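Just so it is clear, A, B, C and D label the chains in written order, and each chain counts residues from 1 on its own.
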Amino acid sequence: MSAVSIQFLKNNRKDMEPLLNITGLTMDFGGIRALDNLDLRVQQGEIVALIGPNGAGKTTFFNCLTGIYKPTAGELLLTPPGRKTSRLNGLKPNRVTQHGLARTFQNIRLFPNMTVLENVMIGRHCRTRAKVLGAIFRNRKTVQEEKEIVALSLSILKKIGLYDFHDEFAKNLPYGAQRRLEIARALATDPLLLLLDEPAAGMNPQETHELDELITTIRDDGLSILLIEHDMKLVMSLSDYIFVMDYGKKIAEGDPEAIRNNPAVIKAYLGEDIDDA
Amino acid sequence: MDYFIELFFSGLTRGSIYALIALGYTMVYGIIGLINFAHGEIYMIGAFTALIVSTVLSIFGFPLPAIIILTLLASAIWAAAYGYTVEKIAYQPLRNAPRLSPLISAIGMSMFLQNYVLLAQTPDFLPFPALIPDFDFMEPYAATIGSSDLVILVTTAVVMLLLTWLIKFTRTGKAMRATAQDRKMAMLVGINVDNVISITFIIGSALAAIGGLLIAAHIGQINFYIGFIAGIKAFTAAVLGGIGSIPGAVLGSFILGLTEAFATGYVSSDYEDVFAFSLLVLILIFRPAGLLGKATIEKV
Amino acid sequence: MISLKDIQKGLLVSLWFVFLTFPLLVIKVNPIERVITWRWFNMLWIALGSFSCYLAVKAYKARQLSRQKRIKQGVIKERTAWSGRILKEPGIYIPFLIAVGLFALVFPWIFSTYQTNIMVTALMYIVLGLGLNIVVGVAGLLDLGYVAFYAVGAYSYALLNLHFGLGFWTVLPIGGLLAASFGILLGFPVLRLRGDYLAIVTLGFGEIIRLILENWNDFSQGPSGIANIPRPGLFGMHLSLDQSITYLYYLVIGMVLFTIFVVNRLQNSRIGRAWFALREDEIACQAMGIDKTRTKLTAFALGATWAGMVGVFFAAKTTFVNPASFTFLESAIILCIVVLGGMGSIIGVILAALILILLPEYLRAFSDYRMLAFGAVLVTMMIFRPQGLIANVRRIYTIPEE
Amino acid sequence: MKMHHKLLTMIAAAALTAGMAAGAMAADTIKIGVAGAHSGDLASYGLPTVKAAELVVKDINAKGGINGAKLELLVEDDVCKPEVATNTATKLVSQGVNVVIGHICSGATKAALPIYRDAGIIVMSPSATDSSLTQSGDYPNFYRTIAPNDAQARTEVDFALNTLKVKTIAIIHDKGDYGKGFAEDAKKFIEQSGKAKVVLFEGITPGAVDYSAVVQKIKRSGAEAVIFGGYHPEASKIVTQMRKKRMTTIFLSDDGVKDDTFIKVAGKYAEGVYATGPADVSSNPLTKEYHDKYQQAYGSEPGAFFDNAIAASLALTNALAKAGSTDEAAIANVLHTEDVATPFGSIRFDSKGDAIGIGFVVYQVKDGQYVQIQ
């Protein structure tokens, strides 16, 4: 995306119908308020980062958003371009994924004893139809569908750079490749919005650089991305917009420039490697 | 009213036995999250050891008080030894395995121990010596509550108090609670988690053995199979009260014992076990955390 | 490899076991006659047995360790299991399959009716194992009440035949469907439970079914059971015992083939992948858009269907059903087959069923030790070889040329 | 050979009875199958029968066999499980047995009988008491040397109504096939007689930790007598709990309780308990003879159903000898028409296969012993 259109987006953030619009999201765990009245928006085609110190509630936020936790209060609205708005609150995780949100996990959750290709093929599950009888009788429709699943999954693997490993068990991949495989698996669900939970964690600088490029490519394909990340360099270079959380509350939002200079953010991080960025 | 009171005591007796077994389930579950399927077998082994020891002692002509004390000690020691060994062999190697592996291992252990006793001893019911005499002072109440019922109730109460003291106030108890809360954290602060787990198994098994001894003396007969049903009932009780919670196990046991007694008394005992199993299924479906347990949220 | 320290420790271990087993194995009392039998030989056996077991385990572990070290250092490559290698070699397994097929075909003509009858039992357990394998092995749902569905199938044939005179072929699908409905009925509320709770609930359910059959006389004729259930007929011909067992044998062989075919296709389908994924990681599965409850329910119901159909076979083979045939132990035996064979592995399950059912039959002298061995198998497999005798081999997809 | 034979039968698809198989048997041995629980938790009910058959066969073979043919025992275990019993029966049939002593449990017997029936083999059980085995008419090849449940229930109910003259009866059973069958028959007879009321009919769970609730219930029902269907372990638990609660309710039970173990286990609480059982045969010379032989061979007292098994072995071998062949009809004819001396005295079999002359009498525990009172 060109610099001009990004500028346009930034100027018009408030006016456009956002892809994802979250208002008043609150989550209580037996008396402890993990998320407190959170508002957050993601526009179509944006890379949005969610940052904050450890324990700020970022992953909890993802879990609420993807239906793994049931939020105590709040509205989660998804408006795909040119289509009706749908509410995501209270939906089961699989329904959320069907609506077009796909995620990765902070502590990698691949299917370790399945091959790389199969891991990606699982991502196609919610976009395919074959039932038990189809599986037993292998009618033409099922066979065709199965072929398409394999082809599409392989093409995703190619894009992500894991094609050569497609017959390996997921557990045998190196760490960085596992993280990429999680992204590939999420992409296979045809998402509108990709939720990445610390994708660069544990990666070396080379891998992080490749990840940066990968995420940009994905965005250029028309997906929006919401990203939790601790690597400030990556966040600053990638993001169009940043939200900062601390103790379950949003403490700041803005473009990378604004966040870099926000005193509240600096205070929250206590001068933690913000200067590196 | 008399009938009600009679049934009430009958329920209490049952409940006490369930409680002694249920504690073992709940303690182990609290600490390593495992349904120790073989626990009912430990109870059975406790009863068998008691039978063997007391018969040998009485053949050798020991006086009754000595027999009682030695039998109690022996059955608790051996049951604890079995509990400890079972944990070391069947569960410890599986500490980091998928959740179902130790459960399958436990089922295997249960089958193994049952058949071990069957083969080593006998499949038939064996009469258990009358270790609990009929007290004279109980005579006026004999129609309502028997001497053995009284002994069971009192022993259970004493054991519960001791256990509460142990868990609340001793170092071991604190280590157990810490391990139950967060095993990794406990390890970090220098608690020897393996030891704590072993101690849990030892205590749970000894309690089950006391239960086994009491029930055998009360009902008068045992065989290798008594552990299975009693074990499942006690497990039901533990789940009812909230598995992992010690007061929960006791509460659940008394509720189960009393409902069984009243259901038999006022309805029918034909479906006694169906009733217990249905209760188990229903609690797990509608309130898996039980009465006193806390709902846990899986970390993602 | 075995150091002096190991031997010392081994001695301690054997001493511990001598102590442990002392009251139960050495002393045998008869409280009625007041007689004590001392069996000191048992003590000796235990001492020797536990000592050598300890050393064997020690040696095994040491070997594993050095092997892993060498794999890490890159000295040797991780070995694929022999079974996996054979399965990859069509030159080996195709002739083997043909041989097995031929053998199965002529079996009843070579061996006596009794052998055939035993084989029918073993084959039924293969089908049961494969059915439970869908539930436990593939989808990772520990079902301890599998026998309940088996009972549903058996009793549906017994009762439908008794009251309405329905024949084997009519009831076979009905039994399957009835069992499936029971599966769905039970599965719907319980499948959202965590794995170990699910195991206990299914165990409870299995017992409930058995107890109802035992108590509800008007419905099931109670513990005295239902007798005179007809064997499957062949176009209305009257078959002698030999013939009808031979006939049943071929029917069950057909059933086994059908099951293998279906299970194999299911495993390599969209649904099958979802089951495997569910076993691996439920949360990730849901995040990938898989409906957890529905997918589990499918597995559960399919497993139940197979149990139901084998139940019909059971009633037809035994010609008599009573609740005593459907105890928890039966579920445990089927579970044992799946665990020994290898979760999710079709060939493994077949092999395990043959071993576990045929071996005790031919080693009658040891039949007392059967259940003891089953228990030991469960524990040992979990500790030393959780993947089973023959680990499940993941399918390799052929890549379409673009 | 075997293959050829099988092909033939298959193609012919005509009813080739196993009489042919029997005819093909070598004439110098007669094979007697012994089937029952020989391992597992019910082995103690099945093993005495094996011993009994061995003793009888040893004697006959020592005297030169039957009509010149030696007897051979084929012992097969069915663990009292129906599904195993069919395998056992098939094995015995395919080994060409001529007659079978067994099975032990009613369920297993029911499952195995059709296989023997189709093969034309006569089966005689020393212990299967299920009434329908003989009365349903389904198994013309079945005989037994024990009285059926309903005969026992009849004896018990008659005694309770006519001798004890009780008006209210509680019936308790252990939910097993034996106990429940007996209890149901008893209930039926009491209701038919109209002389007394069944105030409680209930099953208990064997192996439960406590029976006091059900005991209280018996007490409240105001029953003058309890009829219990089941085995002695549960009976002694219930009697003990009743007496400990100072209840003096009359306790009647079945053959499963008429066992010295019951008295030893229940001790003083067993006093006064009634139980039905086969007539006391200890004075019968045959009984003495075989008990002595057993004592000599194994150094202990024989176990459950030993006398019945001796009777079955004697009756069958006698029939084989008198029939002069192993043909089913010939053996059956002898069984129905000729008396044979057994520990129970002279018996023969009625048209249904029940032994005439083996009935039940009532015993009572007096001074630590079962004493026949009727």
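We adopt the following convention: a contact is a pair of C-beta atoms (placed from the backbone, for glycine too) under 8 Å apart; a residue touches a chain by one contact, two chains touch by 3 or more.
Predicted, not measured: the structure shown is a model, and the values here were computed from it.
Enquirer: By mean C-alpha coordinates, which chain is most distant from chain A?
Expert: Looking at centroid distances, D is the chain farthest away.
Enquirer: Count the C-beta contact pairs for B-C and for B-D, then tell me which is higher.
Expert: More C-beta contacts join the chains of B-C.
Enquirer: What whole-Å value do you get for the distance between chain B and chain C if each is reduced to the mean of its CA atoms?
Expert: 30
Enquirer: Return the distance between the CA-based centres of chain A and chain C, expressed in whole Å.
Expert: Between these chains, centre-to-centre, one finds 42 Å.
Enquirer: Taking the mean of the C-alpha atoms as each chain's centre, how many Å separate chain C from chain D?
Expert: 35
Enquirer: So which stretches of chain B touch two or more other chains?
Expert: 127, 228, 270, 273, 300
Enquirer: Which chain A residues reach two or more other chains?
Expert: In chain A, residues 68, 105 touch at least two other chains, as defined above.
Enquirer: I need the residues of chain D touching at least two other chains; which ones are they?
Expert: Residues 40, 175, 203, 261, 264-265 of chain D touch two or more partner chains.
Enquirer: Quick check on the complex: what are the chain D residues that touch chain B?
Expert: Contact set of chain D toward chain B: 40-44, 175, 202-205, 207-214, 216-217, 219-220, 233, 236-237, 240-241, 244-247, 261, 264-267.
Enquirer: Residues of chain C touching chain D in their complex?
Expert: 32, 108-110, 112-114, 117-118, 121, 214-215, 217, 222-225, 227-228, 237-243, 245-246, 314, 317-322, 324-325, 361, 364, 367-368
Enquirer: Would you mind writing out the residues of chain B in touch with chain C in their complex?
Expert: The contact residues of chain B facing chain C are 33-35, 45, 48-49, 51-53, 55-56, 58-59, 74, 78, 81-82, 85, 89-90, 93-94, 97-105, 107-117, 119-122, 126-129, 228, 232, 235, 239, 270-271, 273-274, 277-278, 280-281, 284-285, 288, 298, 300.
Enquirer: Which stretch or stretches of chain A touch chain C in the complex?
Expert: So the residues of chain A touching chain C come out as 66-68, 92-94, 97-98, 102-103, 105, 109-115, 117-118, 121-128, 130-132, 134-136, 138, 142, 145-147, 149-151, 154, 166-167, 169, 185-186, 189.
Enquirer: Using the touch definition up top, name the residues of chain C that touch chain B in the complex.
Expert: For chain C paired with chain B, touching residues are 16-17, 19-21, 23-25, 27-29, 31-32, 34, 36, 42, 140, 142, 144, 189-190, 193-197, 199-201, 203-205, 207-208, 211-212, 215, 283, 328-329, 332, 335-336, 339, 368-369, 371-372, 374-380, 382-383, 386.
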